[in-house]
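One chain, subunit A, links the two complexes that follow: it is found with subunit B in the first and with subunit C in the second.
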Partner chain A sequence: MAEDFGDGSAASAAADMEEYEMLMSTTDVELLKTAWRNEKAAPEILQFQAQLVKRAREQIQLMEETIEDFEESGLDPLTVSLYQMDLDRAQFLLRSYLRVRLRKLEKYMLYIWKNDSLWNRLSEPEKMFVQRCIDDMEKHLEETVLSKLPDNYQSARRQSVISEEDDMVPEPRLDTFVACKTSNSFVSLRLADSERPLEMERQDVSFVLYKVIEDKIGADIDLV
Partner chain B sequence: MAGQSDPHISLFSPEEIEFMAEDELVEIVPNMRMDPLNFISGNFGPFYPQIPIKVPLWLAVALKKRGKCTIRPPQWMSIENLTQVLEGEREDQGAFQAVPFHYIEISRLLFDHARDDIPDIYMVRSLVEDIRDVRLHKVETNLEKFSATSAVKIAHLSAMEVNVVRPFVVRALQAFFKHDNPVLMGDLDTVSDGQPQVTRQRQVPNNAQRQPLKRR
Partner chain C sequence: MHGRHGRRLVKELASGEKGQLKPFNDELVNEVIKECSENFLALQSLIRKMQEEGLDFQTTRNADHYGALINHLSLIRNKRCLMAYVYNRAEMIQNLAWTVGLRLFELPQEIQEKLTHSEKEYFKRHSAALESYMSKADLNLNVDMVPPKDPYIKVRVLDDLGEGIVVSDKAANFASPLYALSQTN
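Our next item is the complex of A and B:
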């Protein structure tokens, strides 16, 4: 973040960094990058960034049109190729963000489908995707395996009829640890097993229990 | 069921980390005139010959590849500063020196694409490599000693270093957490070990049975 770090004037470096981050946090690409990183590092599905994705899509589309115009107007090829690179980077981020989510949706489809608060984190197309995924998967299992098993073992979600709950639904591991940084100059985290809070400054990287910072992701805390 | 598929594979690929580092700003000195670039990722320029300007690293490298600019290595890449950092890293075994979050990726990109812009490149290169080695070794030795709490905080750990140590640290912390919180873990483990819940009600006294990690 601070490429001028260690030039002797720590104060000016810090000010530069502040300024730089103010500048960067205003672009949607930077926000998308943070959302992508958080989504990638979090064990469960996070809230879909609907507004951000909408804006990013619009900007990408606009840029595609702009580049076409540039090419038609015979603008110097170097400039056009630079615009193309910028566009490629934004597209990569958007695609990667959506794909990370799809991977989680595929992996934990039933778990997400059964849990209202998780379900509400999905976009409408994602909800449709999960519905179809579940239908297809259950149909497939039904046809290939389950229909050939004894009556008591024909559920795709339960081991047998005596299971009291769905015990064959893959769940994300939430009692895991994640690496995080704070976007603020200071943040204090309450840990479950310690009287002393964990105090983090901008330069600190902490490995903490996902549940401790779950609510703060995207606000005070970003995963790295 | 682990959230991250294979614990031995890093969460982010080196390419992805490099991608993030490419947004860091560096100063270039263009040798041509170019109108402002109004990118999705921000506005840069206008560019005038011999007038230094800050641009993202990816743009700097793209212009450099086409012979349109020279890149000014960042201040922290001076021999003086790197020597100081290296000495600091060697002297203080407990802490890390302040280096940019993406110092490995930035220096790598500059060594690959702008070698003629870095004075004393061999010296700079070997200093950066030494710093990287000392730091990685330090992370490893510190990890041998770490006896877990529910959080581990490391100041000035860089992006690449986080990614490298993450699989080990996360698994170690999970193991510590599991031994400290047998009841909590019970819910998740019921299927696999099939023990009745009641036997797990005892709580391990805080910190009582923690052993430092064994030397490999």
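Our next item is the complex of A and C:
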């Protein structure tokens, strides 16, 4: 179709397209998708998107009601099924987002519980979940192994009483590489072992150390 | 020899198929725990010996000191092996709650047989924690595990069905040979 347009209108169509993409990327579904992708790709737990999740749930409920109404009013089944498809996707996205977080909480429960800034990233139900996880896991370890070991060696978190800090807590590997792109038009990153900063333009995909972009996730940079 | 049982324990974990539980190796675990106690006794008797000889344990660097140190190090190594064994199994048990079901009776008999009493209890408590989260979030997270696919599958009519099949309250009469049907039907 492009040959039908003159040069000027092709450019304006591209600009329209970009504008449309910008607009689309701010809808809640897209925001949730981005949050979900970030959470999936990041080795550690990220900030819980409380407002976004709340809005997504409201919208899902609204969609369910709409579909029910459509079905009652005998609307074209194709249209209804398209709505249903959209609803299914939104529900999967929300569930998967919460699930990815829970799996991380299960894996790094103590590490997250001990670190205040990570702890504050959790929602209230998540905090309660972690607390229960820790109790259950420690009780199980206690019953199976620790209670049978000599005194001074019974801690689940330290190898022995002479350890100066908790040295048996599973931790995520933060010195790992992640694929990411910028959500803004331009971002410059300072890499540890290179003199030149890494310059990223919109839609560029880069492969960098998680630690380098850790504090920019969700703001300037999204993981893919 | 120090630590051989511990190594076998971790090896057993590593050699198993990923995510596949083996029966809990009670015998080996008890061997390692026994070794820990022996290490501890040896450690204590060496410290006592040094104290009886009037030596300061913190500063003296003699054969007994290093003997005690070796016993301490084997002990914590064994402890790490034990903990790794039990902890990794516990992680597999967490996976079961996600992939199989939240209730103990939902687990196939052959998996249940591989769990110890404490592991079963752990499974129940962990599932309860998950359920409590889900009820607070008012959302069942154990469904929709895979992303929705294209909601339609193609159905080819091989034989004349006459009346037709009821598709979401509607009778489709299958006159033409190819249909797109919702997957749930």
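Convention: the second predicted complex is superposed on the first by the 207 of 224 C-alpha atoms of A that agree within 3 Å, B and C clash if a C-alpha of one lies under 4 Å from a C-alpha of the other, contacts with A are read in each partner's own complex, and residues count from 1 in each chain.
Note that a residue touches a chain if its C-beta (ideal position, glycine included) is under 8 Å from a C-beta of that chain, and two chains touch if they have at least 3 such contacts.
Everything numeric here is computed off the predicted structure, so don't read it as measured data.
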{"item": "Contacts of A:Phe92 with subunit B and subunit C, given as first, second, both or neither", "value": "both"}
{"item": "Dominant toucher of subunit A (residue count), subunit B or subunit C", "value": "B"}
{"item": "Which superposed partner A:Val187 touches (first subunit B, second subunit C, both, neither)", "value": "neither"}
{"item": "Touched partner set for A:Val100, first subunit B, second subunit C, both or neither", "value": "neither"}
{"item": "Touching partner for A:Leu118 - first (subunit B), second (subunit C), both, neither", "value": "neither"}
{"item": "Touched partner set for A:Glu30, first subunit B, second subunit C, both or neither", "value": "first"}
{"item": "First (subunit B), second (subunit C), both or neither touched by A:Leu110", "value": "neither"}
{"item": "Partner chain(s) touched by A:Cys133 [first = subunit B, second = subunit C, both, neither]", "value": "second"}
{"item": "Residues of subunit A at both interfaces, subunit B in one complex, subunit C in the other", "value": "81, 85, 89, 92, 170"}
{"item": "Complex contact set, residues of subunit A against subunit B", "value": "1-7, 20, 23-24, 27-30, 33, 37, 40-44, 56, 59-60, 63, 78-79, 81-83, 85-87, 89-90, 92, 167, 170-179, 189, 191-194, 198, 200-201, 203-209, 212, 224"}
{"item": "Residue numbers on subunit A that touch subunit C, as the complex places them", "value": "57, 77, 81, 84-85, 88-89, 91-92, 94-96, 98-99, 102-103, 106-107, 124-126, 128-129, 132-133, 136-137, 139-141, 143-145, 148-150, 153, 156, 159-160, 168, 170"}
{"item": "Subunit A partner contacts - residues on subunit B that touch it in the complex", "value": "1-4, 11-12, 19-20, 22-26, 34-35, 37, 39-42, 58-59, 62-63, 66, 68, 74-76, 81, 84-85, 98-102, 106, 149-157, 159, 162, 166, 169-170, 173-174, 177, 180-181, 184-185, 188, 191, 206"}
{"item": "Subunit A-facing residues of subunit C, complex", "value": "29, 33, 36-37, 40, 72, 75-76, 79-80, 82-83, 86-87, 90-91, 94, 98, 116, 118-119, 121-122, 125-126, 128-130, 132-133, 136-137, 139, 141, 143-144, 147-148, 151, 168, 170, 182"}
